[in-house]
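Multiple structures are listed underneath, in structure tokens.
Same chain, two partners: chain A is paired with chain B first, then with chain C.
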Partner chain A sequence: MPEFIARPAYQIARGLEVRGTDAWFVVLRPAENPEVALQDFQDELLVYLNAPVRIIDATSASVADLRQQLRTRPDNAVVLVGLDGWNQDSWTSLDINRDGMVRAGALIFWLSPAGVLGLCQYAPNIRSFVGGSIFELGPDEGVMSEGERQRRLEALAEHYQLSNEQVIQMAQAETLPPEPEFVEWLVLLGRGDLL
Partner chain B sequence: MACVTGTRRFALSRLEAAHKQAARLDEKLQADVNQASLPAARNVFIRLRAYLFERSQDMQTWNDVDSKLKNAFNRDGSVSISLGPSIDQGRTPHHFHFDSGARLSFGITLREARSGSYLVAYRFHFHLPAERLPEFLRFDLNPQVHRNPLGEPRCHLHPGQEPVRLPLPALDPYGAPRGGWGLYWMGAGKSESESRPREGGAGTPETQQCPDDDDLHPRAEPRRPRRSQSPRSAPQAGPAVSLTRLEVSSQMGRNSLQCKKLPAMPRRRWFHLRPTGAGFMQVGLNT
Partner chain C sequence: MPESPAPPKQPVATRREKFRAYMKNFNPTAPARDAIGSGLVLEDLHNSLSRSLAARADLEPGSQQLLVGGIGSGKTTELLLAEKWLGKQASTLPLFIDITAETDLSGLNTGALLAAFGLHLGRRFYGTLEAESSAEDPSEVGNACRRIKEFAFGRAESAVEKVLREAREASAQLKGYVPGRLRPPIPALQRQFQDIAEPLGMLVGAFREYSWEVVVILDGLDRLITLDKFWAVVEPDLRALRELRVSVLAAAPISILYESGKSISEHFDRVHHLAALTAEPGKARELKAVLAQRGGAEMLGPLEAARICMASGGVLRDLVTVARDAGEEAYVSGSDRIRIQDVGRAIQQLGTAYLRGLGPGQVQALLNLNKTGSFDLGSPINMELLVTRRVLEYSPTDFRVHPALLPLITKPEARIA
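The block that comes next holds the complex of A and B.
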């Protein structure tokens, strides 16, 4: 299995926006929480493409069914899921029908490593359309790391000359100052229950 | 003597009325915030990031939004979305920078609900470029109504002075088309003719709006006609401020903060706030 470029969902979505609405991409989905990742990916696409994004499940669909679904609302971006279990015959059949899948909206193949392998081995025409646009879904940089959380807490403690424990005690006694910084403080401490 | 007593009584009654009015405003704000339905916190974050990325590109100013904008989700459903330091103590690489030299940092706290999320608190600290006055504008939404809403309105603006709190309606961080609270700033420069403020003629203050308002919200739902009433606050801008008038008015029981008659400048970068939906709050500032 070759190495692919790991990119977070928002970067893939921005790439799709730049490539144009009719681009074909392959996204190597994560093994953990693929449903959550798919939802996040769809949300990112919605924001950047500013167009409806449909998810089509190809698990038990025939090639004819898929073509029909892709022709329906062809301007929509489509994320094609459920291709991971497809055998050689199915991939070959889909590959022969490549031109019938051409549409105005973007087409994203949401695949596991096995799915990517199937596409690369048995669907050379689709592969040529995709070109180099095969990306591994990478982690989101936006998630605050533990180190970043601690640095923010330290900055608050230094500015207000209060310890984390004092802030929690003040919140419990309902004597915390009303400023939003103290809200952030409690949330960073994982004590949103005190708000 | 009777006169002094009468004056004092009058002053006390006015103060009492002001307290009551402040309490009413906070009550209304509380109801507005409670009613404002936001998408899931994750979705709010995604939209904010996309918006900041786009604005940064428009300005052609390097802001690594992807690494600056952070989220922290807790098991109790509270969520913090932040950019830049919690306390602005000077320019840092973690701020969102404008090509004018202005900088922005903010923190938003949301709580996830069964469907979507709701707003708990926020802080937007917008620091103007050097030698501009006011030095900063900070928009705060406190988590609760204070026992003294006149001195500490739940949602307020610090116009360059920590102790000064001007009451405000709540804002929308990314411009949801229906209701809520809002933060916007315009990136792309425009030609003088394009960006010239639209000024209502003498005696027609109703027609005055911040410049380029439509350009800022091309996909927002149509705004209701805005009808300003007599201003209730004095202008905040001095000679060094490009914002010439900042007005607070009221429409249908909602406060409205609106800038008017902005001066023509050859190159414009607007920091812009306005609410979505009803169009009852609007701030524009040349950065």
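The block that comes next holds the complex of A and C.
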């Protein structure tokens, strides 16, 4: 069966960042250590979005509760967890109330394969909003090979006409533009301490 | 302190800003009202449909029209355009209400449409015709507004009221009820509707005294994709609105057009169908115009644009989604422009989302449709495929598998639940 594209957290975050407002995503979470993965994902979003990222647990929430929580601070990005055990009726109710979840801040459904199945089977209105933005959470730069890292650094240097040293100097002088690529650049250089 | 180099020049900001501007224009989840306000919408995409809807509502007070279409077909946009047109007419007050954004309809919440209508009407009365607020207004209109708020949000019951209500309920239970031989074709409105009908009538009358006719535009009812839920929610409320001679435009699910839905559609003065647009290569003029209106030419070549149009199947939201996702692919991969492989990945993702959740029976039904072209909507599986957009309708007799999904089901390895 065709699978969804795997993206590391930083790429999902970059996608969110460039979209601006009203972004809906589904992230297919890893089966192992989902709590750690969620924390890392939230950290990554915080870096790229430079704005609060809330986690809302829907495990025992009613649809009305969820609407209320999503409408509170609607500019914040929200990661919605705890939907994996939802049955058909719950998904259908959420689907009917899709417009009550509309907000300026990003909305990310953090789901297991069963959760994605539930959404795709029982929530066609939500799926229509999500479109093809369903990504499997892939490995991050920690497992990027040295060759891949070098190629990415070269691409950044060529694109921005800057050297690695210049980027570090600009970060130290706090003159680095707030572009997400520069965050990535510093992380690839092992200088996340300058962020 | 090391000398800091000058900040990077044009290319940095230009690329990001270029992509951000593109993504903003191709945002399928941005409020439709914003898209219209930003000039991103082609107002005459569906042969003046919005004007046709609006004109009838304006000329025929009390008329009730449905706008029917699949998910993502652009119903909200057409209703907003109708609102815009009506707003320009003298003495017509259009009230646009996205009902599912205001209340939870999943529990078959009858009376919710009337409550929302009354609240909007009251706000508009004090916002446009009268300066004071309903809370302070001792007139009949002020009293009507308070009764509508009580109907909508409830109120504290006094001890005497509680005793009287309980006595009434106990009496009703003791008496029982023997049904007559003839069932009325239209059941009488329940007591709760009588409670709200009077203050609503008062408010509508107040507008008429100022020579204003009210048209209510109800969006969001199409989320009730199963017919029984849709009809249970709308029937009593729309009947009350008809008695008030308030024109209604409402979104409805596509299942209204077929099989048992036809008996529901007969209750309306007119049912407008928003079909999927032509997406075939060389004929997708409207879809290409949508891309152009949103500034797609900045980032998309003709080949990429044509591929997006074809894969959308003529579903407007899917068109915008694939264009947006292809832009995101290009941005994340470091390209300055959207390439055909970016479009391909975006289409593959959309198709995979449509594929997920399909069982072997559903996949077989899709393969049959693709092979024979025939599609029996008496089958519950087929109806579900239609309302969930795996199958698209181009006319009452022309159904096709969504083109983003089709290549995935024709691969043998895809035929697994």
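Quick note on the criterion: the second predicted complex is superposed on the first by the 140 of 195 C-alpha atoms of A that agree within 3 Å, B and C clash if a C-alpha of one lies under 4 Å from a C-alpha of the other, contacts with A are read in each partner's own complex, and residues count from 1 in each chain.
Note that a residue touches a chain if its C-beta (ideal position, glycine included) is under 8 Å from a C-beta of that chain, and two chains touch if they have at least 3 such contacts.
Since we're looking at a predicted model, the values are computed, not measured.
Once chain A of one complex is fitted onto chain A of the other, the partner contacts of A:A155 extend to both chain B and chain C. In the superposition on chain A, contact is made by A:D193 with chain B only, not with chain C. Within the superposed three-chain arrangement, the count of touched residues of chain A is higher for C, of the candidates chain B and chain C. After overlaying the two complexes on the shared chain, residue contacts for A:E32 are found with neither chain B nor chain C.
When the shared chain is aligned, chain B comes close enough to touch A:Y48, but chain C does not.
Judged by the touch definition given at the top, the superposed model places A:C120 against chain C, while chain B stays out of reach. With both structures placed on the common chain, the touch criterion links A:E179 to chain B and to chain C. With both structures placed on the common chain, the touch criterion links A:T21 to chain C but leaves chain B unconnected. The contact surfaces that chain B and chain C form on chain A in the two complexes overlap at residues 11, 14, 155, 159, 179, 181. Chain contact summary for the complex, chain C toward chain A: residues 1-5, 7-9, 11-13, 15-16, 19-20, 23-24, 27-31, 71-72, 98, 100-102, 104-107, 220, 223-225, 317-318, 321-322, 324-325, 328, 331-332, 334, 345-357, 387-389, 408, 411, 413-414, 416. Against chain A, the residues of chain B that register as touching in their complex are 42-43, 45-47, 49-50, 53, 66-67, 69-72, 74-80, 82, 85-87, 89, 107, 109, 111, 120-123, 140-144, 146, 152, 219. By the touch rule above, chain A contacts chain C in their complex via residues 1-5, 7, 11, 14-15, 18-24, 63-64, 67, 92-93, 95-100, 102, 116-117, 120-121, 124-125, 127-134, 155, 159-162, 166, 169-170, 172-173, 175-177, 179, 181. Note for the complex: chain A touches chain B at residues 8, 10-11, 14, 40, 43-44, 47-48, 50, 141-144, 148-149, 152, 155-156, 159, 178-181, 183-188, 190-193, 195.
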